[in-house]
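Below: a set of structures, written as structure tokens.
Shared between the two complexes below is chain A, which pairs with chain B and chain C, respectively.
Right, the complex of A and B next:
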């Protein structure tokens, strides 16, 4: 796989997304289109919340941390690969299932490309390109997510929040 | 055959579970950590599944490499399938399919709910969905080894 061609493709999409809302965001958050069957109970609520969260974890959190870790010059390319596989796979699956298809496709191809790369600086260049695009996705999500959806739910009172906090120990033993 | 019980004291429901024949060593580690109690939620994207986000394994460390575990999508799994997601160290997620799913993500199948208890499982799923989307009632689930 040609990492330079992939980097250029990501950078072009990232540059376009600075002023124009990315395709994923328009499809999922604006037009409410998700892959067939996606959304338990036929609700878009899940893809919105889970898709947004997974996308945010995928790049602005996991990839950010991997890029940050590479400041340690002793971190080998193999270690970078391990971190990518360990942290990003789960969020990638959820983002893809939620309809964030361009982001998922670019991430999958980046991971596959890194699997074949050995030059640490080149890997970092490629990861930085995806990181830039993912950050743009994050910003657009905040803009487009249907925040009013929260009004569909009962907002807990202070007393209820205290009671919920008391039951936190039930989360595991 | 490895057996355990999944029960919801708050709902007065319980189902018998057994190995599905896949990843038995992973199931043994899970069972060695029982009794396990955790808050249960509901999958919001992939279909009709119960979902436990934080299953802590404090008694036996999960140390099977991911490459040694077989995988299955919930879309292809039979109703009643119990699967792990990203088991590692002292933590795993756990999912239980109780009706149709379109989830194409890969999970680690470990067990199944007994055939005769599938209707009880669906009832638990229905109540959990009501909690997730409307009542917000906290529903805890327990996994225990019992004589069957």
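Right, the complex of A and C next:
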């Protein structure tokens, strides 16, 4: 597998996602489209939670940890691979389960590519690209998640929340 | 020689504020400056209090050469409004927040810059507008960072 081509592909998608919402986030969070049967009780809440977890923490957070550990502990390529297998496998499953298909595809191909690579600096370049893309969908997920549960309820404004907070003790007897 | 500074600018508002180093972590400030200009999607924290959140900032020129846990840190709940902290930053990717109001998370982070005092009201006003938008009408905002001319 050509790691440079994969890195460029990920970087191009990451660069585009500075301006435009990534396809995964539009599909799962905005348009509420997910593979059949992936949500608990057929509801979208499952994919949203799973997708939010995959995009918000699992994949970029594991990438961050591996890149940081490599700086801190001077990890070898074999140790990087070991960390990837231990952490990313579950993250990848979560991304796929929730319909985060582009994120899952790029992650799967990155893991396969790293399995064949021996140059540590090249491995880190590829992981940095996936880390940036994961961070981008993390940012957009923050926008598109239904913070108010599908806008079913009126969401208090910041001012209202502060006023509610001041009167919180009235809730208790 | 004047103090180094950078601007953060929200193109959707056509507003910018000046940002300056603080009493510690000057090397983090300098590392950020060496990677300018850069830009990202502008989001907010939701659970940790009122903060602007920069989650996908490309640090293209110079790789991160510091470790969060090794740096001087301050408690988010205690440091002042307008202060920057780094979080989940490594390699060529930066994540950071700027406190814009109350923050309750009793966690320490490496703080490294402040919004300049003369721009603080503007900053808080913009932060409030973005925070409301993310929960209500979900407009998209971006933020650009570029070095101030000396």
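A few comments on the model shown:
What we mean here is this: the second predicted complex is superposed on the first by the 146 of 173 C-alpha atoms of A that agree within 3 Å, B and C clash if a C-alpha of one lies under 4 Å from a C-alpha of the other, contacts with A are read in each partner's own complex, and residues count from 1 in each chain.
Just so it is clear, contacts are C-beta pairs under 8 Å (C-beta built on N, C-alpha and C of every residue); 3 or more make two chains touch, one makes a residue touch a chain.
Note that the structure is predicted; figures quoted are calculated from it, not measured.
By the touch criterion stated above, A:33 is placed in contact with neither chain B nor chain C.
By the touch criterion stated above, A:5 is placed in contact with neither chain B nor chain C. After overlaying the two complexes on the shared chain, residue contacts for A:43 are found with chain B alone; chain C is out of touch.
When the two structures are aligned on the shared chain, A:112 is found in touch with neither chain B nor chain C. Judged by the touch definition given at the top, the superposed model places A:131 against chain C, while chain B stays out of reach. Residue overlap on chain A between its contacts with chain B in one complex and with chain C in the other: absent. Contacts from chain C toward chain A in the complex involve residues 39-41, 43-44, 46, 50, 53, 55-56, 58, 64-65, 67-68, 88-93, 95, 101-102, 128, 131-132, 134-136, 138, 140, 142. Contacts from chain A toward chain B in the complex involve residues 35-41, 43, 45-47, 49-51, 86, 90, 93-94, 97-98, 153-154, 156, 164, 167, 170-173. Those residues of chain B whose C-beta lies close enough to touch chain A in the complex are 35-39, 42-49, 54-56, 85-86, 88, 102-106, 129, 133, 136, 138, 140. On the side of chain A, the complex with chain C involves touching residues 14, 17-19, 21, 60-61, 64, 67-68, 71-72, 124, 127-128, 131-132, 135-136, 138-140, 142-144, 147-148, 155, 157-158, 162.
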